[in-house]
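Below: a set of structures, written as structure tokens.
You will see two complexes here that share chain A, one where it goes with chain B and one where it goes with chain C.
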Partner chain A sequence: MISLAGRDILHAWGKYVFTGLGLGLLIGVTLSMAGIYRGMVDDAKVLLRNSGADIWVVQKDTLGPYAEPSSLHDDIYRSLLGLPGVARAANATYLTMQVRRSDEDVRVMVVGITPGQPGEPGYLLAGRRLTRSHYEAIADIKAGLAQGEKVRIRRNDYTVVGLTRRMVSSSGDPMLFIPLKDAQAAQFLKDNEAIRNDRARTAANPALNRPGVPGLIEAIDASKTESRSVNAVLVQVAPGWPPAAVAENIRRWKYLQAYTVADMEDILVSKLISTSARQIGMFLVILAIVSAAIVSFIIYTMTLSKVREIAVLKLIGTRNRTIAGMILQQALGLGLIAFVVGKTVATLWAPHFPKYVLLEPGDAIRGFFAVMAICALASTLAIRTALKVDPAEAIGG
Partner chain B sequence: MKLPTRFTSRLGLILLGLGLLTAFAFVVLRNGPLAATRVTLAQVEAQELRPAVFGIGTVEARHAYDLGPTFASRVLRVRVDVGDRVEAGQVLAEMDPVDLDQRLAAAESAYRRAAYAVDSAAAAANEAASRKALATANAERFEQLRQQGFVSQEAVEAKRHEAQAAGAAHAASQAGLAAAGQDAARLRAERAAVGEQRANSVLRSPVAGVVTARKAEPGSTVVAGQGVIRLVDPASLWVTTRIDQARAAGLKIGMPASIALRSRPQVPLAGRLARLELAGDSVTEERLVQVAFDALPADISLGELAEVTLALPHQPRALTLPNAAIQRQGGRVGVWQVSDGRVRFSPVATGAQTLDGRVQILRGLAQGDRVVIYSEKTLSEGERIKPVERLEGNGR
Partner chain C sequence: MPQAAIEISGLRKVYGQGDTAVEALKEVNMRIQPGEVVGLIGPSGSGKSTLLKCLGAVTEPTAGEIRFNGETVYANGWRVGDIRALRRDRIGFVFQAPYLIPFLDVTDNVALLPMLAGRPNAEARARALDLLTALDVAHRARAQVSQLSGGEQQRVAIARALANQPPVILADEPTAPLDSERALTVVRILNQMAQQYRTAIIVVTHDEKIIPTFRRIYHIRDGRTYEEAGEGRAF
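== the complex of A and B ==
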């Protein structure tokens, strides 16, 4: 038995294949959009996964350190280490800022870490970890920095000694890891003009610049430039301890806010990025509907353009089932080509997006079935039209 | 001509389909859940290990002198300016002596007066001595005349009394002379005290050095102990360095150091660890050490930032790995070892670390063992991997 659908496709294969390619690109865009949405959520989650923490300890009554500013004294980690169930605790600072790279600015999230403690990148792509306690940096590859390159943060130059990947802030800015003390300084250090201005203001204040109290104004100035704060303490719990119980203990006795991974995910996904994620999600829904509509119309018009041939088939006594099968097979074939093309192009152009695009296999499988279902559905419409074709049309009607 | 067309189009279609399927398969295998994690591998190597400690410091003077008056006063003159080299004993500044000169004159007058009083007492003593001698001679003569019977006993006794009275007057005048002497000594001491105070209002350099600060100008009033001039001994400059406590093990006095000044980071200067402070900074969790220059550079400035690298004793042969290979799994430190294209975590004990990122492996691995150094994501036990040359700039 000869395949009617195959014969028909071969008859005008160029048109068929290019229609499939066009649809494929459309599906590729839809899959990419889904990937952008997934990537956005994943950016938020990867931030939590990569920090290696089980509990985030932040300033009381804040949603810090990512969703809200949080400030803690940097010796709090010592008292946390004494609590039962706490295996490791380390200070961390987070600050999104522009850093200077030779003659252009790069937007990064500067993360202050203690080498060898929670918070440092878990894996590297190249280079090494921090070995000096100052002026070294590990950069996410998305920042576009090369190993050995120097970046300027405030007034100091940092050498990029290592590269990592997928270390991004919840808004997708690549991270730049630097030693904690440098990061503390960078967070609170003002530029020289501001420091001189501050000194002059202090000196002009008669309450602070009193005659007969030598050294007072110097002491006040010195106390202003010190930074003893961090944004969060990352805690890893000892094996066998439920993080929620340890976090509860910290909240209760240390009068600090403590979030477990689940709490933090909730804050990031359902609070911090919820609006922008819903924005993308809404667009994804519309795009999916539009794609479905376009696929249906194309299959429908493709059938309509073959009215004369169908009429001939009817005239020579072809059964309705055969005609319906031909149209369905063509529609499904088109869907298959479109999906394969779409998935391929989406995967190929995904790495070139500036932010992370996560193409989940589950999304691809769902997309496949959706495309097939839409094609089948659209073909029923076309089949209905085809079956209504009057055989007389074949001979001039 | 019909057949070839049909044939070509079918072939074209098949080729197109195959191409598409190949691209699809490539994409699925390379990026999907079926793809193996790409990693780069490194071997455990035995090599020389030169561990070092890094710290940040500022150039400070070992000896700095803050000179000020010992009593509240007004600055009269400041004789030196910042940057001046001064000798030991050189006058740096003068405080307004206010009434000290007048008090010195008064003390001088009082002393002179006392000196005259001593002269006067001495003259009185002489007179008393002379009177005593005359009275004693008279009394002796009357004793002899009495024995010859020329004078009455009463006259003799009167003369004896006169002699005794003259003796007493002489003793009194001697005491008066001594008292006047003591008075003069007291006033001389008082005059010297005022002179010392006057001299104290002049600030002199205790050592040869360089003036680094001129904190008060003529006319301003300073309280006791407030600095007017600050000087340092320029030969005693060193770098007070802060070393992270986590890396401060193994420091010893005399260790060679390399000092990179902020003004010339490309030209590191040689130095030695000169002092290890017993008291660290518990707030910043740092240890304080002082590193002295082997040869003091000429145009160095106080307070300049310096990066100090202290060389720890080197180990001629040790098993090492890049520090990027060291991972942490469930509280254990170890590395990902490769067998049959899969990774497995093996705990290791690490030792010294060099600044260029090599870590000594004390236990857990043998020379030539292959371990994962870089990976494109966090690895888990038993994960399939695909070793590649390099990950950086390699797509994805």
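== the complex of A and C ==
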């Protein structure tokens, strides 16, 4: 026996290929959507892994530096160092802002770190680590900055001395690492007008501007412009200490919030990314429905255009099962063409997305079965129509 | 009397029920020998198509008897287990239009029937090629059916009807779209095939060009058949 479906596909291959192409682009979009979500989750995990920290310590009742604003005094890390199980601790600041390169703005997350301490990017693609305590920067490759390039953050120029990768915030902004002091200054910097205003107000306050106390007003002014805040303290535990126990200890004794890598992952994935995930999930559902509608419409019209042939096939003794199988195979064939096209285009265009797109083989396999199931489902309407065709129609009136 | 290929006695067909019932066939009696080609002629609405549908086992008669080669296939109900197999193996159909399957090539259009009957592909194709040779279209064996002329398509359709060597072929106005020369060619082919394969062929027709060729004609009027000797003119 020959494959009726195969012959029909070969005979009308143009129709199949073009339909498959259209459907394939739709499937490509679907796979990319899943890839975008996987990329977001993976970005978060890689970010946490590359930060070189076991515990994130943040302001009490906040969700950590990536999810909610948190402000800590910048000497807290010293007291953390005194706790059992804490090997190293370092301050970090996080601020998403526009920084200026020669002629355009780049949106980045500026991260203030202490060179050589937790929080430093774990892996450099090119260049070196921060060595001087001012005006140097390490940029994630996605920021598009080149080694040696100057970027302006607020009022100061920084030289990019190193490049790293896979260090992007949960909203997809590439990170730019600069020395902590600079970051604190940038974060809390007021403009000159505000400082002058402030100074005039302090000077006008008789309680602060006391005659006969030299240096007092200067000290007050200095304390106002100097920033003493950071967003988080990153902790590395000593070998043999379970991070969860150390974090528990920090929470109990220091009235601070402490998150382990697992906690942070949970926050990033289930809180920060969850809205995007639902958004993408909704898209997937709509795309699946649209694909199903398209497949069933196409298969249905293809079947309607073959009613006469189906009547003849039935008249000459073709089994209903064979006819249903023919239509089902055509739908599956269409799905197969579309899936191959979709997988190909998704792979081709994935690197061109601004954010990381992770195409997991598991998703592709699930996608394949979903496409096949949708096509099979979509062919039922056409099959029902075909089975209702009366062989007497072939004889006519 | 030799055993008839087709024997119909007292066949009745009523469409619908009650007030709207239409008695399309009232009393049909026919007897056709193997290798014989008979004409079936009648005015519009006389029941020709209904009779073909009953004989072709796509419409169930209301009463009467049908025998193929002495075997009762209908007697107030179908007497065969698998009606599909009956249509596939024991009846060939030729229509006014060829109704070939457009996505199969010429050979496979013919070979499909033996394949459906479970024959291996190679054997089915060899059989198809024999028939195409007999019908003088073997040179188009691997062509797409859409590339064939109307007459060639009709010959392929006849080859398909013969593919499973059925004892019976039912032809419904097979020459209607053809000019008189081609129409006579088709009739000649049907007669040759009937001879060669001992097939009984019923040709429903209005076609004045071919009516004189039949040796025997059944007239059908108001659902009743009347037998008549034809001219049996050479074609």
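The definition used in the following text is that the second predicted complex is superposed on the first by the 368 of 397 C-alpha atoms of A that agree within 3 Å, B and C clash if a C-alpha of one lies under 4 Å from a C-alpha of the other, contacts with A are read in each partner's own complex, and residues count from 1 in each chain.
Following the convention adopted for this analysis, contacts are C-beta pairs under 8 Å (C-beta built on N, C-alpha and C of every residue); 3 or more make two chains touch, one makes a residue touch a chain.
Predicted, not measured: the structure shown is a model, and the values here were computed from it.
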First (chain B), second (chain C), both or neither touched by A:Gly148: neither
First (chain B), second (chain C), both or neither touched by A:Gly127: first
Touching partner for A:Val312 - first (chain B), second (chain C), both, neither: second
Chain B or chain C, by number of chain A residues touched: B
Which superposed partner A:Leu348 touches (first chain B, second chain C, both, neither): first
Which superposed partner A:Ile395 touches (first chain B, second chain C, both, neither): second
First (chain B), second (chain C), both or neither touched by A:Gly240: neither
Footprint overlap on chain A, comparing chain B with chain C: 10
In the complex, chain C residues that touch chain A: 49, 52-53, 56, 58-59, 84-85, 87-89, 93, 95-96, 99, 101-104, 108, 112-113, 115-117, 121, 144, 160, 172
Residues of chain B touching chain A in the complex: 6, 9-10, 12-13, 16, 20-21, 23-24, 27-28, 31-33, 54-56, 221-223, 225-227, 243-244, 246-247, 283-284, 307, 322-324, 326-328, 330-331, 353-357, 373-379, 390-392, 395-396
Residue numbers on chain A that touch chain B, as the complex places them: 9-10, 13, 17, 49-50, 52, 75, 87-88, 114, 116, 122-129, 131-135, 141, 147, 161-163, 165-166, 181, 211-212, 214, 228, 236, 238-239, 337, 340-341, 343-344, 347-348, 351, 359, 361
Residue ranges of chain A in contact with chain C within the complex: 1-2, 4, 7-8, 10-12, 308-309, 312-313, 315-319, 322, 390-392, 394-397
